[in-house]
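Input: one structure, supplied below.
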Amino acid sequence: MSFFTKRYHPPGTGPGTLRPQDRQHLTPPRITLIDYSDADLQETQAITLEACRAALDRPTTTWIHVQGEADPATLMELGKDFGLHELALEDIANSGQRPKTELYDEQLFIILSQPRLEDGYAGTEQVSLFLGQGVIFSFHGGAHDPFEPVRNRLRKHAGRLRTKGPGYLLYALVDLVIDQSFPVLERFGSELEDLEEKLLLEPTKETLRRLHELKRDALLLRRMLWPQREVLNNLMRNEEYPIEEEVRLYFRDCYDHIIQIMDLLETYRDMTTGLLDLYLSSVSNRLNETMRVLTVIATVFIPLTFIAGVYGMNFGNKTDSPWAMPELNWYYGYPLIWGVMIAIGAGLLYLFKRKDWF
Amino acid sequence: MSFFTKRYHPPGTGPGTLRPQDRQHLTPPRITLIDYSDADLQETQAITLEACRAALDRPTTTWIHVQGEADPATLMELGKDFGLHELALEDIANSGQRPKTELYDEQLFIILSQPRLEDGYAGTEQVSLFLGQGVIFSFHGGAHDPFEPVRNRLRKHAGRLRTKGPGYLLYALVDLVIDQSFPVLERFGSELEDLEEKLLLEPTKETLRRLHELKRDALLLRRMLWPQREVLNNLMRNEEYPIEEEVRLYFRDCYDHIIQIMDLLETYRDMTTGLLDLYLSSVSNRLNETMRVLTVIATVFIPLTFIAGVYGMNFGNKTDSPWAMPELNWYYGYPLIWGVMIAIGAGLLYLFKRKDWF
Amino acid sequence: MSFFTKRYHPPGTGPGTLRPQDRQHLTPPRITLIDYSDADLQETQAITLEACRAALDRPTTTWIHVQGEADPATLMELGKDFGLHELALEDIANSGQRPKTELYDEQLFIILSQPRLEDGYAGTEQVSLFLGQGVIFSFHGGAHDPFEPVRNRLRKHAGRLRTKGPGYLLYALVDLVIDQSFPVLERFGSELEDLEEKLLLEPTKETLRRLHELKRDALLLRRMLWPQREVLNNLMRNEEYPIEEEVRLYFRDCYDHIIQIMDLLETYRDMTTGLLDLYLSSVSNRLNETMRVLTVIATVFIPLTFIAGVYGMNFGNKTDSPWAMPELNWYYGYPLIWGVMIAIGAGLLYLFKRKDWF
Amino acid sequence: MSFFTKRYHPPGTGPGTLRPQDRQHLTPPRITLIDYSDADLQETQAITLEACRAALDRPTTTWIHVQGEADPATLMELGKDFGLHELALEDIANSGQRPKTELYDEQLFIILSQPRLEDGYAGTEQVSLFLGQGVIFSFHGGAHDPFEPVRNRLRKHAGRLRTKGPGYLLYALVDLVIDQSFPVLERFGSELEDLEEKLLLEPTKETLRRLHELKRDALLLRRMLWPQREVLNNLMRNEEYPIEEEVRLYFRDCYDHIIQIMDLLETYRDMTTGLLDLYLSSVSNRLNETMRVLTVIATVFIPLTFIAGVYGMNFGNKTDSPWAMPELNWYYGYPLIWGVMIAIGAGLLYLFKRKDWF
Amino acid sequence: MSFFTKRYHPPGTGPGTLRPQDRQHLTPPRITLIDYSDADLQETQAITLEACRAALDRPTTTWIHVQGEADPATLMELGKDFGLHELALEDIANSGQRPKTELYDEQLFIILSQPRLEDGYAGTEQVSLFLGQGVIFSFHGGAHDPFEPVRNRLRKHAGRLRTKGPGYLLYALVDLVIDQSFPVLERFGSELEDLEEKLLLEPTKETLRRLHELKRDALLLRRMLWPQREVLNNLMRNEEYPIEEEVRLYFRDCYDHIIQIMDLLETYRDMTTGLLDLYLSSVSNRLNETMRVLTVIATVFIPLTFIAGVYGMNFGNKTDSPWAMPELNWYYGYPLIWGVMIAIGAGLLYLFKRKDWF
């Protein structure tokens, strides 16, 4: 996950400016229209904007989904045709926005962050939603359309989804986006459990790297998900929003989920910190163990080597002075010196053992 | 305690869906019915749902307890028969929920986390409670029924329990669930005291592991218990809840307990952090002590070994140059060199002692 | 100070239960009655409960103090005779409660934590106070009666104490309990100052242990004192409490004190953390110094020892090859090799000095 | 970025004092006047204060920009001529102020901090704005005029800027100042990504220094930018401010930006902390690796060197005692001793390998 | 700065007690009276209390300043003569109080902490202020009178000071006390900048000590200054206080200053923490560098010394076994062994260089 994911215009650009961007769109955004009532459902894939206009006049609930990065031209057309506010369109174009809700006249505009796992790294994709009179617009910037399960429930007429208006559809979409966090967090949790076990058995450099990445990802995820709490709070309580009283109850459920998600993220962050401390302790423990063995071996042999060195001196080779290394001439000199050396070695070992150094 | 304990449906599943789960229930949930008034008490173990319905019509207080993991079929039947809300049933099926209270029409729904010690590790089990008109439903997911002490008080007609309505029974159950934390925390406290003593005397790798586990468990417990503060606050103050004024006073007592529990957990978390620091300091202290002894021994013997090495050189073996190691030929050469070596060794020892290095 | 000091009944016990406890009371609680008005003061030590009842009917202010651990029988009698609430009595019996205020009908019930120094360790004792119509009950669990100074002021008719009602007496008692923190904190402060000096001069293992104990005591004290802020806030502001407007002003003074105490404790906690960091830095500094001297000595002598070793080899003993250690036969070989060794040693020393390694 | 950037008068100086300062102004401040309506725009560079007065009487919107450090004389003149409050002028003269808004009668006074990158280091420059009746005064202390993009939009009649009053111009200036943070933060983000990679591959002293600088700059930036949240909140909500309802909506957009900026700074600070931990772990890991190799090599050779030393002793040179190093006389003594040494070396290596020490 | 600076009476002392203290006052407090109106100013140094009473009756503004530690006798006289509240007098006598405001009837009582630099250490002195009807009492405990600049402005009739009442004089005194923090903080900032540079170049034990002192001083200063925020907030907003609306505006300026001061202190505290981390990293870096050089030198020479030791063995001295060190008899044995040793040394150096160990 990149550290800076927000797109922005150069400072000083006027508000609502949608400038042709330097990124090339290989695939133009794909528009899907679903128009449904309790009795009927009409679905059109890859429709043009003109074709959407007709659906809006019908008394049915209309859901227009724009998949992929919307180019400024399409956005401007959308804005003009359906009366979407320019500041909202700017936020869709400059993805990486902070989740929020805004009420422009009768239109409710929502930005959400959808977590996603990619090669084991956590990232987020921006989901933007407009709730208008009998219509929902949804925008998703990534390559993969996340809303297929909701579409299936609509097609199969499962549950209450078809019998209710756009407010309940909004709930279904928001609920789906938020619940995407659970698989990501489950993965986090199981990785942390793995890492904890590894850290206690044999910590490696790789474990450290992975731990650091998890901590960083938890940090970045938290930053993108935290404001959703406020979003759900608004959806649940703000009486000005065009959401039916009955649907608010369901948003309470979403709110519980986001609180659980934040709790878990917070807990995981604390845990990575705890695991990092454990890693450092383990590594330092292992070093200590190793160092102590060196200490003992070296400390035992260094005096012995000195003694051997002493009797390797060449005093007495050329002189007959009785002071010149007389030990060398003793009958039991050699076994005696071995005895001395063994005594010193054993004494030191006993001393170190008693001090519990190895 | 597992790091991720929440069960969840795949994102995009409709609300209130109770899907047949992949886990096999070897033992079906066990339903216990207690129907009591001040005068009378009727208890039926392992009853079927049909038999429960009759009890509801009577003016007595009815307590239906479902022990073990409730299968979706039973839950759906319960929901239909007794009018329990689908979102609440979903929360019972997907255990690992955050403690909370919800008011669905006249029904008060409560989720609590009950701490539990298992082989020295802390875990939590979900307790779900419904308070309706003259009836309480309780659900407990674990193998062991925690409510036996309350049942005994009912049977023995001890205290005021039988003379009061379901609100007071609710208090008795909530109080019991919350007070389960005290033995767990007492165990935590005594383990921390043990660990502190061990850390100051002789820290081992095992101490570190246990300390880390305690810290992690305190973290996980805190996450599961923290929201109970809000639950109790609601029970104490929310005037919409169907709880008598007189019983609210008793919930104030529960609230005090949960605050004490959170205080203790917080304090224990701070203490484990303090103990980890102490561990690191102790370990590093012990290493330092060891290292310093090595330093001293090595630093004393390394120059001496060098001197011995010098007089082990073979200069003068083949030449008669007066410059070739004349010391070897001196009459007192050998004792002199010992004198020099002892002087150097003693000098270094004195120096290091004065620098307070050992 | 023990890590878990709360007493609790087994979970599931009914509220207000006062069970005969397993601890034996060698000395029964000692009851002191003081009955005073501006004109008169009557004091009776070691009175029985029956004798107290008479004092209550008089229009004077009555202060009944129970010193020592109150046994369930006495408490139950007190509760029945004087109409004290069962939940309050349970809190007195199960000492180690969190400081709080509770209003039961007309009775104001207060729990406070009184800090105490014992062999240099901080602990707390529970003080419980009842304020009723013209009467104050006070309970103190420890062996030492803390209220003697107030009794002396009553006896000597010092200040306004005798001229005012039980509200002002409550203030005098609360003020005394809270001000007990100052000597404890002063002791903390002076110990921290001592430790800081020691840490900068010569840190020992003992310093670390004391520092850790201070930190832990600050933590435990904070947990027991923190809720007193809320207690004082209630006494100062809650208009429902039976305290005269004029006395509230004095509680503002107490409130200032408790805020100062919390500030100091917070500051001391931050300081112990700072001192622990300093300790670790100092210890690691000292190790570094030692290690660097080793490095220098070892690094200087290791190459010299190698050179001495080379010329201790026995090449040339048995062969006359001109390649076999010809240096040994040179006229100035020995002084030359000394020159080489001194040059290497001095060179290394110069190098290390320039790198500022010792 | 300097640690203390505030200018202040000596304590005790009266409020509103503008004292001749000791810094010399090589270039006097440059005043730019833009006077515009939807139909017309008049721009005058390097104008004198007298010339500005005329513009104020016209019904157009007047924007007076003072670039560079305003000397006390100019400020005093401004204050007298245009009725600017003395406390505000003092804040302009003593740059390094905390961002804030103040309402003096009808004048709205705003101080903002504009982040700026300079040789890779983050700094801030103070921007001061006055919003009066049909007039905006702007002050910028640095050498480089940041408002050129807005001037260009005015000149080109781009967007709505010319059609609206001074409130919208204020929004354009505030928006520009706040959005200056994005390039700075983007730079931070990419540097952090670079550093993270470097830390995992090969941490150097330079990486540490840069990391520390980033952390410190994030800290200083946060201090200067944090109060802007409050500033925007006031502009968005304070109904007393002379800003049109319609323009407030645009300030909501600015507010979102400042929240995003604070989120990012907070996240970056947490990340630098995480990276510092990673640095320490990496460095300690590298040291451990090195130390372990030393341990193994030394521990293998120290006993071998001792053995070689033993057989370098000169016992037996002068005596024929059969106890005097008989091994030297064995036929296979030398190969045997090599065998023993190789066996010890290989054994130790095997042991260390199994303990996973290298 | 001492860690515990509060003076307190023994717990249990009655409120408002001013006891003769054990400290001897070599110099009695010095009272200065200034009595001024717009037209006139009368100043009397070292006046007695009796002489002050006359001034109070005049319609002018009277400022009575008590410099030095006020003895209980003077305070009690002051209290009686001018109707100052006993709790306030107790706070003046027991210096080291937390800054606060109290309203006793019509008297506003203010305690402030004035920071002060003394030999490079930060400390605080208590300033106490009474605002009554046309009179201000000020108390300053230290040796040096801080209010001379205000007195000079009064004498010179500078600014508005003489034309306004005691509320504005109060502002001038509070402003002066608060602005005393800026020189202290500027000194902190520049010391931190110095220390940062030193830490990156060559960290010493002295740097650590100074860093620790700065951190501790920032902590202690913060504790004494933090409550002034609340004080200023009260002065700014509390409508009950006898301060004119117009003067409140000036207190807003003071409030801004105190917020800036707290921001800076907070930032400096974070910075000292960052610098301590940097110190530890630098020290550990330096140790690593040193250790690595040792590792390399030792690891290169230890095997070489072993080889030299091998050929120093005396095998072959007494036996003619062809297995007894035949290398010694080879024609090119000695150069060969040098070759082997140089190869091993160079090989190890190359290996370590490639691993980037030095």
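Chains here go by letter, A, B, C, D and E, matching the order in which they are written, and residues are numbered from 1 within each.
One rule holds in what follows: a residue touches a chain if its C-beta (ideal position, glycine included) is under 8 Å from a C-beta of that chain, and two chains touch if they have at least 3 such contacts.
Being a predicted model, the structure only gives us computed values, none of them experimental.
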Any chain in contact with chain C as well as chain E: none
Give a one-word verdict, same or different, on whether chain B and chain C use largely identical residue numbers at their interface, taking over half shared as same. different
Mind checking the centre-to-centre distance between chain A and chain D? Centres are C-alpha means, answer in whole Å. 25
Chain A and chain C have mean C-alpha positions lying a whole-number Å distance apart equal to 40
Per-residue multi-chain contacts in chain E, two or more chains: 280, 284, 291, 294, 298, 302, 305, 309, 312-314, 316-317, 325
Based on which chains are in contact, what kind of graph results: line, ring, star, complete or other? ring
Applying the stated contact rule, could you write out the chains in ring order, opening with chain A and then chain D? A, D, E, C, B
Which residues of chain B touch chain A in the complex? 2-4, 6, 8-17, 87, 97-98, 100, 102, 202, 205, 208-209, 212, 215-216, 219-220, 223, 226-227, 276, 279-280, 283-284, 286-287, 290-291, 293-294, 297-298, 301-302, 304-305, 308-309, 311-314, 316-317, 325, 328-335, 337
Taking the complex as given, what residues does chain C use to touch chain E? 148-150, 153, 158-161, 172, 175-176, 179-180, 182-183, 185-186, 188-190, 192-193, 196, 200, 249-250, 252-253, 256, 259-260, 263-264, 266-268, 270-271, 274, 277-278, 280-282, 284-285, 288, 291-292, 294-295, 298-299, 302-303, 305-306, 309-310, 312-319, 321, 323-325, 356-357
